[in-house]
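By letter and in written order, the chains are A, B, C, D and E; residue numbering begins at 1 in each of them.
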Amino acid sequence: YASQIGEKDILTISTTTSLYDTGVLDALKEDYEESHPSVILTFIAAGTGIALEQAKNGDADMILVHAPALEREFMDEGYGVNRKIFAYNFFVIVGPSTDPAQVNQSTPTEALQKIYDYGRNHNTSLWVSRDDKSGTNEKEKALWAAAGMNYTLIHDEPWFVSSGSGMGTTLNIANERGLYTLSDIGTFLKYRAEGLIALESLVRDDKTLLNVYSAIAVNSTRITHARIDLAMDFIKYIISERGQEIIGSYGNETFDSPLFYPAVNVIKTHSPETIADWIEDYAFFNVDGTLYECPVQWRYGDYGIYP
Amino acid sequence: MAMIELVDVTTRFDTTTALEGISLEIEPGESLALIGPNGAGKTTILKILGGLLMPSAGEVRFDGDLARGEVLEKLRLHATMVFQKPVLFGTTVYKNVAYGLRVRGLPENQVSERVLDALGLVQMEDFADRQARNLSGGEQKRVNLAMAIAIDPQILLLDEPTSYLDALGTKIVEGFIQRIREERQTTVVIATHDLFQAVRLTERAAVLEGGQLCQVGPSSQIIREEVEALIFSDQECNVFHGIAKNGTSEGERHLTKIELGEAVTIEALTDTTGEVTVRISPEDIIVSREPVLSSAKNTLRGVIRAIDVDDSIVRLTVDVGIDLVAIITKSSLNLLSMAVGDRVYVTFKASSVRVY
Amino acid sequence: MAMIELVDVTTRFDTTTALEGISLEIEPGESLALIGPNGAGKTTILKILGGLLMPSAGEVRFDGDLARGEVLEKLRLHATMVFQKPVLFGTTVYKNVAYGLRVRGLPENQVSERVLDALGLVQMEDFADRQARNLSGGEQKRVNLAMAIAIDPQILLLDEPTSYLDALGTKIVEGFIQRIREERQTTVVIATHDLFQAVRLTERAAVLEGGQLCQVGPSSQIIREEVEALIFSDQECNVFHGIAKNGTSEGERHLTKIELGEAVTIEALTDTTGEVTVRISPEDIIVSREPVLSSAKNTLRGVIRAIDVDDSIVRLTVDVGIDLVAIITKSSLNLLSMAVGDRVYVTFKASSVRVY
Amino acid sequence: MTVEEEIVSITLRSLTISGFAALLATVIGLPIGLFLGLRQFRGRDHIMVIVRGLMSLPTVALGLLLYLTFSRNGPLGFLQLLYTPLALIIGQAVLVTPIMISITSETVENVSPTIRELSLTLGASERGAAASVFRESLGGVVLAISASFSRAISELGVALMVGGNLQGLTRVLTTSIALETTRGEILLGIGLTIVLLSLMVVFNVLLNSAEKRVRWWLWQ
Amino acid sequence: MTVEEEIVSITLRSLTISGFAALLATVIGLPIGLFLGLRQFRGRDHIMVIVRGLMSLPTVALGLLLYLTFSRNGPLGFLQLLYTPLALIIGQAVLVTPIMISITSETVENVSPTIRELSLTLGASERGAAASVFRESLGGVVLAISASFSRAISELGVALMVGGNLQGLTRVLTTSIALETTRGEILLGIGLTIVLLSLMVVFNVLLNSAEKRVRWWLWQ
């Protein structure tokens, strides 16, 4: 009953909320189910942390996430196989239009340093962090580290606000309180478009703000009931031209810019080169000095997804 | 001026009419009994008198003012009702009795004094610390009485004050009611089924039936009639219509001559004149061969028309101009050796004649 | 074998001991009165007899078996209690009365027949569709009685069965109790404060006081003692001790000669023999100058000892060997022109003598 | 499916799932509540206090615990209930049973003990007597049902964690509201809220009139 | 701050905020519940049905509505309450007041009307009589308070939306549990749940013994 409704197979996918909330997955689902009438896709949207946990517990057949460090851990523990990067976009540092710390046009690192200085000097809350171990939060930690600051230490300083909430609420808080925060582009654009927030995107499109989404199938030798064939079929669809097209065009009508950029061709063709480098740099796994989208030992079966 | 005045009061509950067009005045210091069969409306009237129930129609006046708003609150403060079924707060006996006093803001030392007095009066002083709801039926009723007594109200409304009470309790409570009437001129209204209690405790009685006021008058007279009516309601005999004529006055009761048809005249104790219905209890009639000169006012000559023997009881029908039924014992019949057609005298007291 | 047997039953509620070491046997078909002051433990005993309360110590046996488990359920099925305070389900009168029948799985046509019968018996047939909780106190008590009557239990436990009832209701209920005793041999246990009711309705009486059984014995004897204790605490008149001798039988009632002290003998209707207490109601006595040959069984000669005039009522004390008090009207006094020291005859019917 | 059809199907699903949950809670909680309300026994106070404490189980926490229980690696994983409506029903039932028990036992306790005695003396079994007390406290039971159903249909944590908000399967009104809200579709969220509230008012109207019927029927 | 200190401070904050919310709900809901339970008037049924319907307001939805109300552009934005403990208190109070009213009115309704009459005839004002009825239905009121406090402390939606789960300011037990759960820190989440449940059991024990004291005290 759990895995079949009538004749249909169910593919359970754990996904991060920020990805699910954009709605792109619903668009993919609709198209995929049309061409695969015997399959039903079900998305479990939860925080990255719990999503990985669910997969480890055997409650999902694949995951869609955007936290390379955590992904690697997941795979190293033997839970995930056949990782495929399928999309990317950029995080943005957003803040009030008054921009008290003058971060507009700075690089992310500079911006964070300015925020740090301003916050300390004025002894006022200035930065709100999701602090929830989500992909976005993981990115933020990396950015602070790049700016030369210890996340755990600044975390307790008065200018640093921990919202412990999802992206939407965190944006609302930033909006209400006039704070800076790091946001995924999708939620930000959506909230701007709905008129919910008046924050400006101040720092964007930097290498360090890169956000990479990947799909990982659950290891069916570890989690025996995981439906790896179904998962791989869907992964193949995502990285197919049709899937990439849907991802790339999603949101074009509503927002002026797309929410996601297809990543498959960028990696395959290594062009545009800067982006391809950034992606490899940021989201590929370094095994013995070589960068892999998916380390060889975690490639299962012959699905023809790796060149 | 009447203390409480009901003017054409009607009380309806969804489907039933509990009271219909009741007008009644209660004077300060008077005592009134409400009598009548179950469901007559006694409790309903008491609740209206106590300001606990608003009539569906008609007026309630307290000291001349319409009982609503502040006047209603004053009425409730001065009139206290003891309910038919004991009702108690879920706390100790002491606190139950103290309630009415504390509501009135009495200082605590006076409260405790009066609570203990009131409890003592109903012989419940040892129960002060008991949970009131765990008491026996009679004990609860006593506490309810103590609660009313303790606040020493101007108007005491008692709904079957001695139901559940044992003999001693009844005596104590009746004694107390008489005493407060005399000593403090408390106005007392009592609903009761004990007609003798009504006579003992009240001067005036009101008879209710089916929500209507049938009669109001001096208790002793009204109750006597009621007693008789009740006792003989199952033996519909010796009931006659007649015309009562003004007679000699004896204190409050009048000795009145009543002409029944066929030139039969009897004497009865009543205030009523004009057309009346009389009933003579068959058990009160003495049958004799010779006329009797006695304290009995009525002696009539007649002829035995019928003798019905029923077990040990004999029912004699004597034609004295009207057919009177007398009930005698079988051995009396044998002793007097009476037979149908014999001439006899029937004798009964004036007080044995009930006039309606 | 006793139907219900209490062996050394003790009932404690947190702080109070309601019953202490009660042993009592109830035979099939017998009638027992429980009498005693408020808080004596009457209700508690009834609840134990009905299987509604487990004693803290001691045994309850039903038909010889310890009342617990299935035996207890059987006891509850056969014994039905009518509570002191009316308790009703929050539905119509009809459904209240039908409850016990439906619980027993009677077919619906029989249910309706028996419900209407039972309601008719307490004169509540017109109330079938009324909400039971909206009834007056007496109406509720009637419904409660109907509920018990309808199921025709083997054992009927009645806690003050006629409290709240009007005179007619009382009479009906008492009549019914006598009838089921005779016709269906129902075992009846009645707790009551009305000692006369106890005599009327039961053969055996148990006196409780403070949770202890003081006395058990024939009702007439026990109650006589109780009545005396009460009456002599009061200034009641015309109460005498005497010895009743077996007399002639007249149907079911016996005409019995009773010797009162000082060689005065009167006749009364009673079954009792041996030591008795009699009371002659002062209002039932006729005073005359000449002896009366009449249906009245008792005519005694005497001398007027005292005349108390009180309003229109005159209280004559006549020494006929014992001091009899008669109440006559003022005009009778005038008519007979009686004075202290005059010789007169007093006459009263055998049925006017109450024997306890 | 149009948005309207989608809303209708989500609404029906919400009603069905929470209806079953409330039913389950009633079936389990009502007898327990009756028992706790009728009987005095040692330890009764302790049970009551724990049951009342359980009323404050946060739905996220319950969702988490149930997730761990129903998860494939969990003790009941073999039942494969996770992300099914049945899991949701069970979860919501667990959530509201303490409410059911608390309100029922409180109102039953307030019914005069004489009602029980009356039933017993008229020949009812202990069960029959309990049924009488139940009839007398029907108002409280109805409140308990209303409160339980309300709590079930308005909870989110369990629905998210063990239901998974799967479209067409376990997506209910609250998860939809939450989803639309995080997606920034605030008007749709508010619309769904209004749908839910209107439904619940209607439900309570029906319950109210059902109460009268049931009271009548229980006495048949 | 160590994790232990953090947990203690979150726990205290939860207790304070939900305590005030329950208090506020009691202050508002109790008189309304008393009134609805004591009086029969036209439209009373309608009010009851709506109040009961409001019991099913999902916390996400209420959170959203309150967010819109308190947000800077909202009608009450000038109060600058959003993301403050006060907003949370108000939000939770709004959430639980219908529960308070429903349970109170139901139990008050079941107190025999003769208690009111008894008070009145002994000279109490209408208010005094209402107080007597209140005393008699204390058990129900205590349940109402317990249920309200439970609902307040266990709700998440309002705390997230209008509280914002701000560390050190509006982070309470449920938002922490939710946060730890999304973080995948399941053990910590369960630990916090146990803290919450233990606290609530203790609270109910206290409430239970307070009930006895209060009953005693109310009669002083």
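Side notes on the structure shown:
Going forward, a contact is a pair of C-beta atoms (placed from the backbone, for glycine too) under 8 Å apart; a residue touches a chain by one contact, two chains touch by 3 or more.
Note that the coordinates shown come from a computational prediction; the quantities given were computed from them, not determined experimentally.
The set of chains touching subunit B and also touching subunit C is empty. The chains in contact with subunit A as well as with subunit B are E.
Judged by touch alone, the chains other than subunit D, held in their current positions, stay linked as one piece.
Centre-to-centre, using mean CA coordinates, subunit C is 58 Å away from subunit E. Subunit E has its Cα centroid 19 Å from the Cα centroid of subunit D.
Inter-chain spacing, taken between the CA centroids of subunit B and subunit E, is 56 Å.
Inter-chain centre distance (subunit A to subunit D, centres taken as mean C-alpha positions): 37 Å. Within subunit E, the positions touching two or more other chains are listed as 161, 178, 181, 186. Contact with two or more other chains is made by residues 85 of subunit C.
In subunit A, the residues that touch at least two other chains are 46. Chain pairs that touch, as defined above: A-D, A-E, B-C, B-E, C-D, D-E. Taken together, the subunit E residues at the contact with subunit D in this complex read 45, 48-50, 52-61, 64-65, 68, 99, 102-103, 106-107, 109-111, 137, 139-140, 143, 146-147, 149-151, 153-157, 161, 173-174, 177-178, 181, 186, 189-190, 192-193, 196-198, 200-201, 203-205, 207-208.
By the touch criterion given at the top, residues 67-68, 71-74, 77, 80-84, 86, 160, 164-169, 179, 181-186 of subunit D touch subunit A in their complex.
Taken in their complex, subunit A has these residues touching subunit D: 1-3, 5, 12, 17, 21-23, 26, 29, 40, 42-46, 54, 57-59, 166-168, 187, 190-191, 193-194, 196, 223, 225.
Note for the complex: subunit A touches subunit E at residues 46-50, 52-53, 131-134, 156, 161-165, 169, 172-173, 175-177.
Of all residues in subunit E, those touching subunit B in their complex are 112, 114-115, 117-125, 128, 132, 135-136, 215, 219.
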